[in-house]
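Every chain is named by a letter (A, B, C and D) in the order it is written, and numbering of its residues begins at 1.
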Amino acid sequence: QDVKIGFVVKQPEEPWFQDEWKFAQEAAKEKGFTLVEIGAEDGEKVQSAIDNLGAQGAQGFIICTPDVKLGPGIVAKAAANDLKLMTVDDRLVDNGGQPIEDVPHMGISATKIGEAVGQAIVDEIKKRNWNMAEVGAIKVSYDQLPTAVDRVTGATSVIEKAGFPAANIFNAPQAKTDTEAALNAATTVVNAHPEIKHWIAVGLNDEAVLGAVRATEGVGIPAENVIGVGIGGAESAINEFKKPSPTGFFGTVIISPKRHGYETALNMYEWIANDKEPEKLILTSGQLATRGDYEAVRKELGIQ
Amino acid sequence: MTATLKRVLLGEQGLLVIFVLAFAVVSLTVPNFLSERNILGLLQSVVTIGIVACTMMFCLASRDFDLSVGSIVAFAGMVAVMVSNSTGSIPLGLLAALLAGTLVGLVNGVVIAKLHINALITTLATMQIVRGLALLASDGRAVGINDPTFYSLALSRFLGIPTPVWIMAALFVVFAFVLNRTVFGRNTLAIGGNPEASRLAGVDVDWSRIWIFALQGLVCAVAGILLASRITSGQPNAATGLELSVISACVLGGVSLAGGRASMSGVIVGVMILGIAENVMNLLNIQAFYQYLVRGSILLLAVLLDNLRTRALVRR
Amino acid sequence: MTATLKRVLLGEQGLLVIFVLAFAVVSLTVPNFLSERNILGLLQSVVTIGIVACTMMFCLASRDFDLSVGSIVAFAGMVAVMVSNSTGSIPLGLLAALLAGTLVGLVNGVVIAKLHINALITTLATMQIVRGLALLASDGRAVGINDPTFYSLALSRFLGIPTPVWIMAALFVVFAFVLNRTVFGRNTLAIGGNPEASRLAGVDVDWSRIWIFALQGLVCAVAGILLASRITSGQPNAATGLELSVISACVLGGVSLAGGRASMSGVIVGVMILGIAENVMNLLNIQAFYQYLVRGSILLLAVLLDNLRTRALVRR
Amino acid sequence: MAFLEFSDISKTYPGVKALSSVSFGVRKGSVHGLMGENGAGKSTLIRLLSGDQRADEGEIRIDGNTQAYASTRDAFDAGVVVVHQELQLVPELSVAENLRLGRFPARGGVVGFRALFEEVGRVLKEIGIDVDPRARVSSLSIGERQMIEIAKAVMIDARVLALDEPTSSLSSRESEVLFRLIDRLRQAGKVIIYVSHRLDEIFRLCDGCTVLRDGRLAAHHETMEVVTRDRLVSEMVGREIADIWGWRPRESGAVRLSVQGLHGPRVPEPASFEARAGEILGFFGLVGAGRSELMRLVYGADQPNGGSVALDGAPLALGSPRRSIRAGLVLCPEDRKADGIVQGRSVGENVVIASRRHYSPLGVINPRREASVADRFIEALRIRTPSRRQDIVNLSGGNQQKVILARWLSEPGINVLIVDEPTRGIDVGAKAEIYDILYRLAEQGVAIVVVSSELPEVMGISDRILVMCERRIAAEFKRGEFTEGVLLAAALPDRQTPQTAAQRA
């Protein structure tokens, strides 16, 4: 019997998911199964996607859900269509907010990854010998997205613990998740505090932090006075590192789409074809990459 | 022979005929398309758009515009879940959601009809305000449903067909009747044709517009409840961008944005075309970025075909 | 005294007066608002909307509609970056972007004017197709700019004011002139005011509509280039939802969706109201979810005030 | 030798043969009348001449050259200018811009506004139209707009000029301005095609005339010498009409409509009048005298600033047409395109829109009943349409007017019927029938108010006439008292300084 596996993601336009799909396809080629890629931006699309997979005779699917609270619905729908289910990146929760442990998951907690960002910034502040009391933090926030809230809070909690004054953390809410929106929001913050000389920036992903960095450039703050650390490590970040001179974008926490895409697909295949049930929980870790070492880090993570 | 063919193709029901032909082609060429499971899945996937299109049709036919539908759907879903959870009574939750939806619609209608504010701006404003309320109510996170019987709304079946599909079908019938056979429906079309002349002919234009928006709100609430039940939670971010899909479905179905022209059968065809396009693209495993191209081209092709048809009709 | 006040408030420039009053209030009450840095930042933040609004005004004034602007902005930005990178010549890149934008606009125009397809549907279709092209061209990834002189487009200043702001201002002047003083501008208003009469009077309606869309495409390309330069990369996901912001700005500025009415000063005020609202909310650190409520309410309030004004005007 | 020739022209619309093999010619320096019943094909012929549409068969020749133009622009270039039956103005633009739309004086695409306003101001003055070239068209009354439309045609140095019912909303005084203009153009050697349902105008102006019937040429007269009124009528309608007014004496009863001190934005001075059961009350005045505005206040189409209206002694809630209709007061509006027809809807739908409530229990309509009502009126008023399902915009102007009349005639239980320019664009035969319907309604006790700018019409059918001048009711005459002279004298403002559009704005 032919094996057919679905790979459903919440934001198909995002490079991250492009990569996940790409690596999952590698596994498909190796093992000779069919991988069906579906983008599902909201709960309703997820439901149709699962029905659709059922209708075309898939045996299982991997999903990065648009919202972890969709958990019970996804589990029920998968069962109704007799499909094996695994999650990637974001872990499903039940109505009480507890992780649904039956569903095998591979990912990294949003809070953890945020904390990695915070730690990288704290280390760099120390290295540059800045006085924390005189540094401003641009917190590019996107509160509509729970993952975003968790990441950003993870980051700020670490820097606060390291002694960063909470009063110096300024909120820059972006209206959309693109660089221009982050840039406009951050510009307001930077302009409201002309007295601050040193800035750090955190956000939900590389695009958000890049917006903040562009804002500091726009008002003429030199690159060495800015530490922005993003999350993702795809092209937007790499482009930044490739620029001839360093920018305020200090680093990015790379998470590996290779493991997330390739391994999940492989595990699902084993489950279907050889009845080998995957581990219930695999946590990967994020790794900081900077201008100096990003190529090495990427190689290490198996992405080029 | 060609004459008969021509008559069928160019007749009143031409769009329907084109649609049936396209359906046949898809059934024959796309594997798995014509399975019972897939068709049921397809029908369920168009429930939200289909339900909201019923009243959007009235809105457009009377030369108005409603951008707030997506927000109302999300908001009503949240209200249904949160009230059910807090009172422990699902009927109370549903009632609260229906009231909330109707209320938002009513506000839209009153502002537009009585304060004479452009419908686009008004509903753009309520779209944001209502989305904001939904986000505030839940702090931006989805709210799970405590009582599992809530799910059964969407999961239950009658004669093998899921309840939401029956509800959509029932609304199609009801609104087809309202449009074609009631004074309210005819007045709606007249207002779209010439609002001033309608007013002078004794049509209560303000009142009709308020009603249309209130109904729109109510119907969005129905869609929101079914959606929450399907996805087993109230999501403040649900149904973003719904307004454009619904308006496209209506326009595809021959509803004129200049008002005065609408038909339920056309709208159903419009809704189905959009649904089938999505379904088939996924069945054929078309890559995400190409889906944009395909979706855009189908839209263009469908209206183009229909245009050619009606122009040939005039030349006849 | 009150009579003078009334005359000023209710005169032609009433919206402007309301705006100036609001501006004064904001300047006095919101800390940091009136700093040079903040005002420059504010101006830069409205460059994209402001530039695109120039031609959207023409589009709406002639009773058309363009939803594809956001996609064109993103696409043109991508083209500018990719062509600059691959040819090593920035002028070539810019030229290619301008051509690409104009071409998309031209296609819109030809389909709408010559094939008589509804503008909403056409531009909804091209919005998707062009976005798909932008995503496909770069495999969904941001494309970095190789040659740093590209950034200086957005970073350079003249008399202390950033170049993009100058470009926006120049376009405001040019399009105000085009609208009020040229045959093309007057024809645009005539087409919107009464398409039938314009056609019978020998105005080349099709040609004008095609031109308007082509211009729209060109201007979107300008915005896209400046945006790419500002964010130092071409991003296929840039400027989503731009169409609604731009249309709101125009309608706020008194452009009639029913065609025939438009003024550049109104549109500028509309653009500034939107920009100031965002800016002030961020300065006051208003929580994200409340921002939705505030944004919606400001929209409503602005049109409401303007409506009361014009109605009082009629009663006078 | 004919300068303008139509040869074997045919044109078919879906379900309607609008013109079949029509041929005739018109000499240089002459005014040629084009007559026929509503829907006979007059406007269609004019549309073909204007380049707006193309004939299915046949050709148009000017000065011996076959015209192959494909657009209105080409027609302009060939020296053909047309004033269409429906006003074709852009309300948002100024008078001057409207007059030169499509042909702005411009250099390098930039409009020369100074030159434009000067030129238009001069021309308007020369032809005696008292309107500011800078005023927006939206601030003008229908009559003034009609004058602008005519000026539009005159401004161009055309070889052929076609006017489709130019006087249908003009009073005799404004018409006279137009006639003098036409005389001048004739002397300048132009060819003028003149469409009108007013026979006296045809005799006053035309050197020859052509009659169309059902899209065919029914008669062609090179000169008017042997043509009589009765002959023309029978050529048009196919039967004799002895007296088109057919006025007959009636008893008038109690006061049904009583208007007291009514005033509003454009009727500044309080107006009072009464109409009795069985009475036909005429309202006469010049263009812009304020008759339409007053009637709109009575009906509730506009919100009055003060005053009261009573029906059979009971006060009427003002400002709501809906409530007026329910109380038995209806108004058939003057501007049929803006306020009358519901575009995109069928003829039947347009007839029953107001009256269907009487047989739609619980708001559910009764299609069979609606069809029978519509068909009855289509027959009674001889509305020329392939069926009641036809979109009303496809009907000829006069037939649209009949549909609007049918809308109100089909309303049972009316007490007061106000008709504003009821026979605008309606042919002689149908006019007589409409008057007859008005008399019959009056005999049933309805009070009828007729606003008309056509002097013979008001005089022909009214029992009593009120004259408005400068937005006041200036005089009252009973039947037997009124003559053209006294009515016109009362309608003319005392001061010979007519207000300008600028002062109004």
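One rule holds in what follows: a contact is a pair of C-beta atoms (placed from the backbone, for glycine too) under 8 Å apart; a residue touches a chain by one contact, two chains touch by 3 or more.
These are the chains along with the protein names UniProt gives them: B, C = L-arabinose ABC transporter permease AraH; D = L-arabinose ABC transporter ATP-binding protein AraG.
None of the values given here were measured: they were computed from a predicted structure.
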Pair with more cross-chain C-beta pairs in contact, given B-D and A-B:
A-B
For chain A versus chain D, what separation do you get between their C-alpha means, in angstrom?
71
Mean-CA-position distance for chain D and chain B (Å):
43
Centroid of chain B to centroid of chain C, CA atoms only: how many Å?
30
Approximately how many whole Å separate the CA-defined centres of chain A and chain B?
34
Would you mind listing the residues of chain D that make contact with two or more other chains?
none
Among the residues of chain A, which ones contact at least 2 other chains?
12-13, 143-144
Residue ranges of chain C touching at least 2 other chains are 135, 139-140, 288-289, 291
Would you please name all pairs of chains that touch?
A-B, A-C, B-C, B-D, C-D
Chain A residues touching chain B in their complex are 12-13, 34, 36-39, 42-44, 46-49, 51-52, 54-57, 66-73, 76, 80-81, 94-97, 143-146, 149
Interface residues, chain C side, partner chain D - complex:
181-184, 186, 189-190, 192-194, 196-204, 260-261, 314-315
Per the contact definition, I'd like the list of chain B residues that touch chain C in the complex.
67, 111, 115-118, 120-122, 124-129, 131-133, 135-136, 139-140, 244, 247-248, 251-252, 257, 288-293, 295-297, 299-300, 303-304, 307, 311
Within the complex, which stretch of chain D touches chain B?
14, 299, 301, 321-322, 325-326, 331, 333, 338-345, 349, 353-354, 356-357, 360, 363-365, 367, 407
Of chain D, residues touching chain C in the complex:
50, 52, 71-73, 76, 82, 84, 88-93, 97, 101-104, 106, 109-111, 113, 265
